Amino acid sequence: MISYEELQKHTTRESCWVMVHGKIYDVTDFLDNHPGGVPVILSHSGQDATGIYDAIHSGGFFETLLTPEQHIGIVDPATVPVVEVVKTEDELRVEEARKNIKNINLLINLDDIEEVAHQVLSKIGWSYYRSTADTGSAYDNNFAAFSRYWFRPRVLRPVRDVDTSTTILGIPSSMPVFVSPAAMAKLGHPLGEINITKGSATAGLIQGISSNASCTIDEIAEARQEGQPLIFQLYVNSDHRITEDTLRKIDKLGFKAIMLTVDAPVLGKRELDMKARGLPVRGANNSGDQGTALRAGVANSLGGYFDSNLKWEDLAWIRSITNLPIVIKGVQCVEDVEIALQYGCAGVLLSNHGGRQLDYAPASIDILWEIRQRRPDILDQKKLEVYCDGGFRRGSDVLKALCLGATAVGFGRPFLYANAAYGEEGIVKVAEIMGEEIATGMRLLGVNKISELKPEMVSRLA
Amino acid sequence: MISYEELQKHTTRESCWVMVHGKIYDVTDFLDNHPGGVPVILSHSGQDATGIYDAIHSGGFFETLLTPEQHIGIVDPATVPVVEVVKTEDELRVEEARKNIKNINLLINLDDIEEVAHQVLSKIGWSYYRSTADTGSAYDNNFAAFSRYWFRPRVLRPVRDVDTSTTILGIPSSMPVFVSPAAMAKLGHPLGEINITKGSATAGLIQGISSNASCTIDEIAEARQEGQPLIFQLYVNSDHRITEDTLRKIDKLGFKAIMLTVDAPVLGKRELDMKARGLPVRGANNSGDQGTALRAGVANSLGGYFDSNLKWEDLAWIRSITNLPIVIKGVQCVEDVEIALQYGCAGVLLSNHGGRQLDYAPASIDILWEIRQRRPDILDQKKLEVYCDGGFRRGSDVLKALCLGATAVGFGRPFLYANAAYGEEGIVKVAEIMGEEIATGMRLLGVNKISELKPEMVSRLA
Amino acid sequence: MISYEELQKHTTRESCWVMVHGKIYDVTDFLDNHPGGVPVILSHSGQDATGIYDAIHSGGFFETLLTPEQHIGIVDPATVPVVEVVKTEDELRVEEARKNIKNINLLINLDDIEEVAHQVLSKIGWSYYRSTADTGSAYDNNFAAFSRYWFRPRVLRPVRDVDTSTTILGIPSSMPVFVSPAAMAKLGHPLGEINITKGSATAGLIQGISSNASCTIDEIAEARQEGQPLIFQLYVNSDHRITEDTLRKIDKLGFKAIMLTVDAPVLGKRELDMKARGLPVRGANNSGDQGTALRAGVANSLGGYFDSNLKWEDLAWIRSITNLPIVIKGVQCVEDVEIALQYGCAGVLLSNHGGRQLDYAPASIDILWEIRQRRPDILDQKKLEVYCDGGFRRGSDVLKALCLGATAVGFGRPFLYANAAYGEEGIVKVAEIMGEEIATGMRLLGVNKISELKPEMVSRLA
Amino acid sequence: MISYEELQKHTTRESCWVMVHGKIYDVTDFLDNHPGGVPVILSHSGQDATGIYDAIHSGGFFETLLTPEQHIGIVDPATVPVVEVVKTEDELRVEEARKNIKNINLLINLDDIEEVAHQVLSKIGWSYYRSTADTGSAYDNNFAAFSRYWFRPRVLRPVRDVDTSTTILGIPSSMPVFVSPAAMAKLGHPLGEINITKGSATAGLIQGISSNASCTIDEIAEARQEGQPLIFQLYVNSDHRITEDTLRKIDKLGFKAIMLTVDAPVLGKRELDMKARGLPVRGANNSGDQGTALRAGVANSLGGYFDSNLKWEDLAWIRSITNLPIVIKGVQCVEDVEIALQYGCAGVLLSNHGGRQLDYAPASIDILWEIRQRRPDILDQKKLEVYCDGGFRRGSDVLKALCLGATAVGFGRPFLYANAAYGEEGIVKVAEIMGEEIATGMRLLGVNKISELKPEMVSRLA
């Protein structure tokens, strides 16, 4: 047992201790390996860091990454100062909102869910999820783009036996929708990604797991139902050996594919997140004026380890470790689809990262339109599978992409919002709403099966 | 005479009684035939259901559909509990609004009428009439589409003797406008569709009668003036024998044509209606939390009987029963106009069902433009008649469609709104306003006769 | 001397007397010739009608149109009841606004003037001036259209000696701007069109005089300076003899040209004016419910006499009476420009009547663009002069039209607004602002003379 | 020593004295040479003019331009009336705003800086900086234009070693951004352009110095760091000898190039500035109603001396005096780029003067697009350098221009705003934000070097 006074002495790069759930860890040697950067730990050293630890990591985080020697003891409870916890204004607001949360049965569409999430999420959580890059142009345009595409429905075709099921990379899915990998589900709900995994099982959806998930891969794999398909989203680490370990692990855990994110060699400038100032700044000297430069957005603590020199040739290296099919996530023009094809990729996810990376990055439906104009053969002959994400909120959005040649559509924020508001049940609700909207839309277009959706069923407004 | 206590015992699928206007009916065997679904009746069983019955059905509804045996008696008035009727807030609002309703002579255009209707309609009625599918894109675009078309008027042509009259399917009409069939006129006015029939007679308009009219076909036929033309809008029932009966009936009653609706194999997702939650949910277990999932929109009680496997080949079956000309209602692309032509249809109504069915379904004026570009021969040679509806509110809207080749234009909501606000007199007012706007517009375009309206009088903004 | 009691007895079509400025007129035989229609007089018969007479007519109106016999006497002052004049709320508002009117030197642009006019005009006056047809589409688009045209300025050209002067129909003008004829200037200022005539003289502008001017032609001609050019706007009367008299008169008075309005065979549906309900309805029975149908807009009293069967061939008839050059006002497509050319017209004024006639009538700048695309020869070889009006408020608007080939631009409402707010001084101010904006714009485009403005200096946004 | 009473006697064109910082100057002979016009001085004659002098001029202004004889003495302090300075409401507002100014470290983007500047600038200063021409169309469109251009980013390209540095006219710059010359930095900060010079040195930027700078050329040159590059923006004076002196001076001071402004032969109509009425009107009789016509915007006092007859041939004259490379500032169409090329210019700055000159002048990015369509060879072969300015606020804006072929982009208002709010430190902050946004944007486009930015990385929305 270690006294709290002793703990308080270790607050420097030379000797850095933190206390989590009553245990004391010496993280001095771990500082430089912390995915979230040094300052986040340093600013919580010499004290009880349980709060922030739980907000971002799962219980197994330190157990997995620290050696037994680094766990140096248990705090002497008698020495821990009694801190009167004063809730912040934001915490009180959230508490009240959660008490009065809308009955889930009253939700009609995904916008309803976003509205609830906005109410019950902490300011930091909301700001991280909702944040977009720079002017917000890419995010806003993701939505606006759909208003450029209109249906050309067919009538007097039998549609009683509508079937929304399809396959993605050969994996059966209850509908042409999957869970786009997204970081930090714990910001919204203490069970984090686990809820999404369980909900996806119920709904028959394939889930993409983010490299920055707030639950560990093991925890998520553990939560799977028998045979439930998962895809792993990969950020390649500057230290390729770490990535190799990860790849071997997910292969062994039975993940079905790798979704390699390529639109984030560095993280975008996410202003809402930055202005919420949820965490200490990566790389900043952790002293001085707490009111200004030393705190930054949540994203600031995420992307530091990415290999920003990754190139097409590195796919060979990944293939040397795993035979899992590779989907390139973040492709944004037809030329890169062609290269992905040359490199034997199983699919490409057209995406501007939810409008969180490059300002004025194109909407995926517009990229898809470009491919349809310039390389319809890729789509019509399914030379590789093409997916879209970003701004999809309606069955009609999904159907437009499918008519134009996409195999499936990813939803990111809607699942995070649903998880934040209703946990696992929310995930199922999103799927239920989407399933109904897609089925109704198919019938009103005059089709019974996904394969009957055709390019001539969509026109583009000049 | 049956006691109210006895009535109260019959509230299950096995034994279901309802009381309407003092009469008691055993509707147990009728439950599955109720067009509005089982739960609506069940939830009003064992009690006085006069209120909801009158709101939706005409007096003859039970008389027509139930056997004399199902009418099992009269309630013993002495046993009926005295219920102090407490008006809802919405009822009080409507009452007050009806007292202060605007003088009809002060109405200048159809928007004025919609504004009054919004004031005097119940929340449930307004929500049903005004509701649109999903995002509202199709409804909004119906209006926005007109701003893409501009006139190219001609000057110094004699226009004193302007004449708005025309023919539709060979039937004379005072102007190129007809009443688009629309359900549930009783939600707005206790006399329902009868008002519209009488007003149409005065105005010289052809009326389309909905399969879901809240007055019976007989009542409407009865209200006709000598020789007044009616068209029957048909939803084909899953049980084709029911439809056959209907067809024989309308043939016998002297209806002039059949308008076969093909854009509603299932009903669209009408969110305003859903959120108003006017009626119990079709298919739901009628117990439990009344506050949430068990009530749905009015539309929920309508479409359940539709044959969603109807196909072009079924037109032959219809023709085997009646020789009435067939108009296909809900055509949304030029290819389906071509098929309708092959199948010998008399006309097509380009329509997205007032934006109530498919999200992002095209505006009828845009579909018409497409036909003009790709198959002008169909329009110029009148190979079949082409009509439009959806979002038409102005004489200028009508004239644009006529210039581009339409024979006439249907108005739906405006007549429902006028009926709700002013009854029969409102119908005449709508016709009067339209007649004047069309006549003035024709003169200012430089034409005296409908046949002089030409495609070159309209240009499309790029 | 006639007693007021006697006057009060004559209020029917059979015997109709009115009192104006103490004189009593028997207008029974004049009723059907009243340009404003019968009801307006009838509803003011048997009483002192000085107020409404002055608001619309000039002093000479009755003198000119009635015979001496119809002036039947002077009222006996002793018999006139003392009426306590109670000012209306609107009159009080206007009075207050006029007291606090903005110093004219603080006005920077024409929008500033409109803002002041809105403040100081009576509700009826404002509603008549500002009113537009139906949805307002044509009026709104008149402004929006300018945002489709952008400049392509040239640099390093000498522009010190900029000169805005030009000629219109060979008549010198200080700038390529003229006063578009507009009715009813007295609604804004008691001196009416006289102010505009005097201000135009000062500013070196050519003024168009409306057939519906509230001053008589003689009064206006009288107010001219030596040699000041006026153009007469002609509405042809159903009774062509009246028009012939007018034509002979204006010829004799030295008017320089005739501007024949062809876009108003009937008046448009001017909703703001209608809703203001300034005057009794033409054709209505003048009894009963004063609150509703019996009052209409000012425009209702204007257009009744128009010959709505006028045709191109009638130009020969006009030419048989006068040799004045004829400008066709209200041409709206290139085909009619071609016809005007065939008929030897001196010019055409592209105009949608300030958005007051046909809903969705095109903006004049867009019509001009159409001519430039399809018949550039007409513009480049000046086969006739082409003018524009409608929505012009800025020097840049004028310059766009001139670059594209227009000879000059008419301003209507701005002069009415300026007259209403500041009288003659306001007219000069409008000219001063326009002159400066045009001169600055020319310099910044790189031109010194009007003739140097070229089509390549304007591009159209796709 | 001169008494204040004596000073007060000299307030006419015939004898005009002013007092500045306790010294008395006879400026009678200088009146006509005052760049700001006669009235500004006259209206401050016979009194202590220190306030307005300091707001616009640097300390050396009179020293440089007046002869020693014109400095006629020192005021007798005993005679100077004690004036109780009453601060205006605007001064009090500014004072308060400056006290509570936002911590510079909290600024995230250039809009944040503009917001602060709006708070801390005087109404007159803000109105001068922010003002635009006429309708504001050109200014607004400068921003809107960027939404027509979208990126086509490339992925899986190594971007770790991103480098934003480039050269402009062969001069190294830390990024493809320079300080566009802009007048009157002292309106925002007492040190004026000096702050910008020092901040530019720190940031590695090239600064353009305005002919209307509020610091003298000497002061600015003095403030330079060793070897720091400056460019001189030239307005040619009507009196060419004055311009010749200036050219010789800047040549001698080591300026690197001349930026000849050609879009301002006269100043535009800057309405916000006019309405702020900061200074007496040029050319007005300085007496009478101070409330109205006699005061005008700051711009009114600037442009009077420009040679509005300047032409391409005059470049030869400039070359006869200096060999510095010449950049033409304010080119607005491809034809004038071609002429500049013929005349051997080193570069052109596509610019509409920040939307301050011609209404509806095109945005520079749109002009650049025109050049790319019609003369790509000029851009691809760098036949001359092409720059843009106007409305650039984001790294993405800059990158679009560079992809399309621009060499660099000028920022005007952002530096003025930053100077007003934070002085020198603000200049550095603008550069820091831009540097980061450009670097991140390059990486997300898949490029490491400025030269890798290509036209195919941008598409234009139809």
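A, B, C and D label the chains in the order they appear, each numbered from 1.
Everything below uses one rule, namely that a residue touches a chain if its C-beta (ideal position, glycine included) is under 8 Å from a C-beta of that chain, and two chains touch if they have at least 3 such contacts.
Source: prediction; values computed, not measured.
Spell out the chains that contact chain A while also contacting chain D.
Chains in contact with chain A as well as chain D: not a single one.
What's the rotation, in steps of 5°, that superposes chain B's Cα atoms on chain C?
To bring chain B onto chain C, one rotates by 90 degrees.
If every chain is reduced to the average of its C-alpha atoms, which one ends up farthest from chain C?
Between chain C and the rest, the longest centre separation is with A.
Count the residue numbers both chain A and chain B use at their shared interface, divide by all numbers used there, and answer same if that is over half, different if under half.
Mostly different residues: under half of the interface numbers shared.
Where the CA atoms of chain A average out and where those of chain B average out, how many Å apart are those spots?
Here the centre of chain B sits 46 Å away from the centre of chain A.
When the centre of a chain is set as the mean of its C-alpha atoms, what distance in Å lies between chain A and chain C?
The separation of the two C-alpha centroids amounts to 65 Å.
Would you give the residues of chain A that are in contact with at least 2 other chains, written as numbers and ranges?
If we look for residues of chain A contacting two or more partner chains, we find 462.
Flag every residue of chain B that touches chain A in the complex, lowest number first.
134-135, 137, 141, 262-263, 265-266, 268-269, 271, 274-275, 289, 291-293, 308-312, 314, 328, 330-333, 335-336, 339, 357-362, 366, 462
So in the complex, which bits of chain C are touching chain D?
103, 105-106, 108-109, 146-147, 149-160, 394-396, 400, 436-437, 440-441, 443-445, 459, 462
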